[in-house]
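Below, each structure is written out as structure tokens.
Presented sequentially are two complexes of subunit A, the first with subunit B as partner and the second with subunit C.
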Partner chain A sequence: MSRLNPFAKLPGLNAASVLLVENEEHFQQSLAEALVKETSVTVNVRLAKSFPLPVENDESRPRIDLVVFIINLTSELSFQSAEASLKYLEPGYFLGKVCFMVSNARSSSVPAERLDAVRRLAASLHCPLLFAEDQTQQGVTNAAERLLTILKVAAGFVPFTTSLCLSNLTRSTLPPDIDQPSFD
Partner chain B sequence: MDSSESGEDINGRVERDGDPGGSSGQKETSTADMLRIKQQMSNQCFEMEVHLNAVKVSVSGKHRRSCSTSEAERDYSDHISELERVKTLQFNQTLALHRMQMWHAMEEKIKINDPESDALKVVNERCMALCCQIKQIQQETRLLQDEITELQKKRLEMKRLTHDKMKEMEDLMSSKEHPDTEKCKAALEKGQKNLEKYKKMSIMAQNVLRGILLACKINWLDDPKLRDVAMTLEEFPITD
Partner chain C sequence: MAGLEAGSPLPQAAQAELLELCEVQFAHLEKLQNELLLSEPDLCDSPQEQIQNRLMVTEAELKKRQTEEPKLLAENPDVLFHAGKEEMLKLCSQLETVLSCCEAKRDKLRETKELEQKWLEEKVQVLKAVKTHVEQLQKEKENVSALSMLQDIKEKIQKMKAYQETLMECLGDILEKHIPLPQVEPEPSRRKKKSVECEITPEVVSLSEVLEALMNKALQSPHDPYVIVDNTFWPPYVEMLLRYGIAVRHQENNFKIRLGAFF
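Take a look at the complex of A and B:
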């Protein structure tokens, strides 16, 4: 089982690489297009459906600075695939180089337990949890902006801040009443 | 553009050449860019160093210690507080450094004879005068404060003395009544005993007189003096 190693390759000059993992392969396209609009750094966006990544790309793949798991809350398969992919990452990634992005959290067809499960997962791994709105252009732009902030830190562009330092500030915590039933 | 079940889309390798304002084909990197790249690289190297050190420590040192999450949590909060402490220290030191730099710059400025430096000197003089005033006023405040403290101490002393005196007085008053009442009581008791004695005596005498009157069948109604005496016999009960 080959895992993705954060420090196995040399970092790229003036470049940041992000890997978007989504089971439906729907939101990652628009997000990728929004991400590459950034001009100050070269952003390499790689897309994947799930882990394990194909071995034939191992040589050409650059060093991944940030792995983003995009979970669509309306489908249970999305969450399960993301969970299953976690074991293909080296533990070194979970010190601030992994991020969870959740879409369709406002949809009424989403059971509350799924969001709670995602929250628990993110809190147990000490990773930030972002909520994105993928239907409108503005939502995609906003999500890309927030991702870029985290990506810049992970790639070393922010002086005196490493991804571990940032993860201490942005780690998601469980709300204390997560075990209580919600209003509806 | 082939997409397999669990594959990676090479199609998604969107990349854009970051050409900041340069002409097509030329990759001119200004010094600012180079500095930025250098900083980025140093950041990355720092991260890798930290990772290596962590791995080294965990390999060499932690065989005896079991990696329990509660211990890790405790260590984590310790490290966080240490980090905060160091950060505040560094911030304060930077502030102090800035202060020193500013003072040095002002010194240099004053040394040159400029119209600006004259204005600076005037402001400086005013600052010094105000500082002297402040010092004087602070001294006076201190003296007044000392006097106030003295007065408060004296007042407290007075209060304590009055309190003591009041207590003494109360004690005295309560103790004065006591011997008087005791004497009175003794006298009262003696008097009462005497009274009882004489009462009994008089009752006995009256009983005797009554007996004599009845036995001798003396007609006491006619004689007024005898009648008065006999009337008084009725007041006392016959037997005590």
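Take a look at the complex of A and C:
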């Protein structure tokens, strides 16, 4: 079982690579397009459906600075595939190089337990949890902006801030009443 | 790896120095990378180990930060100038964002504070009103004793009785004036009517007496308020009462009527 290693390769010059993992492969596209619009650094976006990643790309793949798991709350499969993919990552990634992005959190068909489960997962791994709105262009741009801030830190573009530092500050925590029924 | 700044080109010396610095750093990076590759991968699958790992790494970073001494980015002043300018501009824009964010928060808090104050005022007023009411009730309770309450009730009963007397008198007067007893017509020309009226026995009672009978029966025996219609009741009277809803026929027996519900 080959895991993705965060420090196996040398970083590219003035470049940052991000891997978007999404089971539905839907939000990835628009997000990728918004991400590459960034001009100050060269953003390399790789898309994947789930882990394990195809072995034939191993050589050509650059060093991945940030792995983003996109979970669509309206489907249970999305969450499960993200969870299953976690074990293919080296533990070095969980020190700030992994981020969870959740879409469709406002939809009424979403059971509250799923969001709670995602929250618990993000809190247990000490990773930031972002909520994104993927239907409108504005929502996609906003999500891309936030990802870029985390990506820049993970790729080392921000002086005096390591990704571990940032993740310690922005990690998601569980609200204390997460086990109690909500007023829905 | 910090990017090279755009803008006015650096003089040659500065560029050369920067490139050299970059090379040095890159060589350092490669060395570290090789060391990393050779080192054993750490497999920490349980969350416990993960947290320990995190703690170790954080401590190592902290130590490095503490022992690190600040040094100039480069010797060349041009490089420093460019880098400094860029950083300043970035800092300015970030601070501006922070400022607008704080202002928005402050405005929101102000609004909330005003709303809360209004709410508080309303509640204070309600409390005042309730307090005065309670005081009033307490005063009344003190002043009132059993005797005075009894007297109050007696007075009320007297008033009610007087009112009822006046009402009954009024009723009697009206009935006398407008609905008198059917008299036997003395005119002999109207034979038909006479014959009709001859059927009327002198025991026909006036409407006031009919009403009195109905009312008494209703009050005395509320479970059976029915009065039997016999020939002492003049039929047109009964018909009138029924038609206006003052009296109501019994469901099974057409000869029984009772006072209709008026409340």
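Quick notes on this one:
Note that the second predicted complex is superposed on the first by the 184 of 184 C-alpha atoms of A that agree within 3 Å, B and C clash if a C-alpha of one lies under 4 Å from a C-alpha of the other, contacts with A are read in each partner's own complex, and residues count from 1 in each chain.
Operating definition for what follows: a contact is a pair of C-beta atoms (placed from the backbone, for glycine too) under 8 Å apart; a residue touches a chain by one contact, two chains touch by 3 or more.
Predicted model, so just to flag it, every value in this text is computed and none were measured.
In the superposition on chain A, A:Leu125 makes contact with subunit C only, not with subunit B. Of the two partner chains placed by the overlay, neither subunit B nor subunit C lies in contact with A:Thr173. By the document's definition of touching, of the two partners only subunit C reaches A:Pro91; subunit B does not. When subunit A is checked against subunit B and against subunit C, the one touching more of its residues turns out to be B. Within the superposed three-chain model, A:Ser107 lies out of touch with both subunit B and subunit C [touch as defined at top]. Of the two partner chains placed by the overlay, neither subunit B nor subunit C lies in contact with A:Gln135. By the touch criterion stated above, A:Pro159 is placed in contact with subunit B and with subunit C alike. Contacts of A:Val36 after superposition: subunit B is touched, whereas subunit C is not reached. Shared-chain residue A:Thr149: touches no atom of subunit B or subunit C.
Once the two complexes are laid over each other on the shared chain, residue contacts for A:Asn57 go to subunit B alone; subunit C is not touched.
Under the contact criterion defined above, the residues of subunit A that touch both subunit B in one complex and subunit C in the other are 7, 11, 13-14, 40-41, 92, 156-157, 159, 162, 164, 168. Those residues of subunit C lying in contact with subunit A across their complex are 1-4, 29-30, 33, 36-37, 41-45, 47, 49-50, 53-54, 57-58, 61. The residues of subunit B lying in touch with subunit A in their complex are 3-18, 20, 33, 36-37, 39-44, 46-48, 50-51, 80.
Looking at the complex, you find that subunit A touches subunit B at residues 7, 11, 13-15, 20, 25, 28-29, 32-33, 36, 39-54, 57, 61, 92, 155-159, 162-164, 168. Taken together, the subunit A residues at the contact with subunit C in this complex read 5, 7-11, 13-14, 40-41, 87, 90-92, 94-95, 124-126, 156-157, 159, 162, 164-165, 168.
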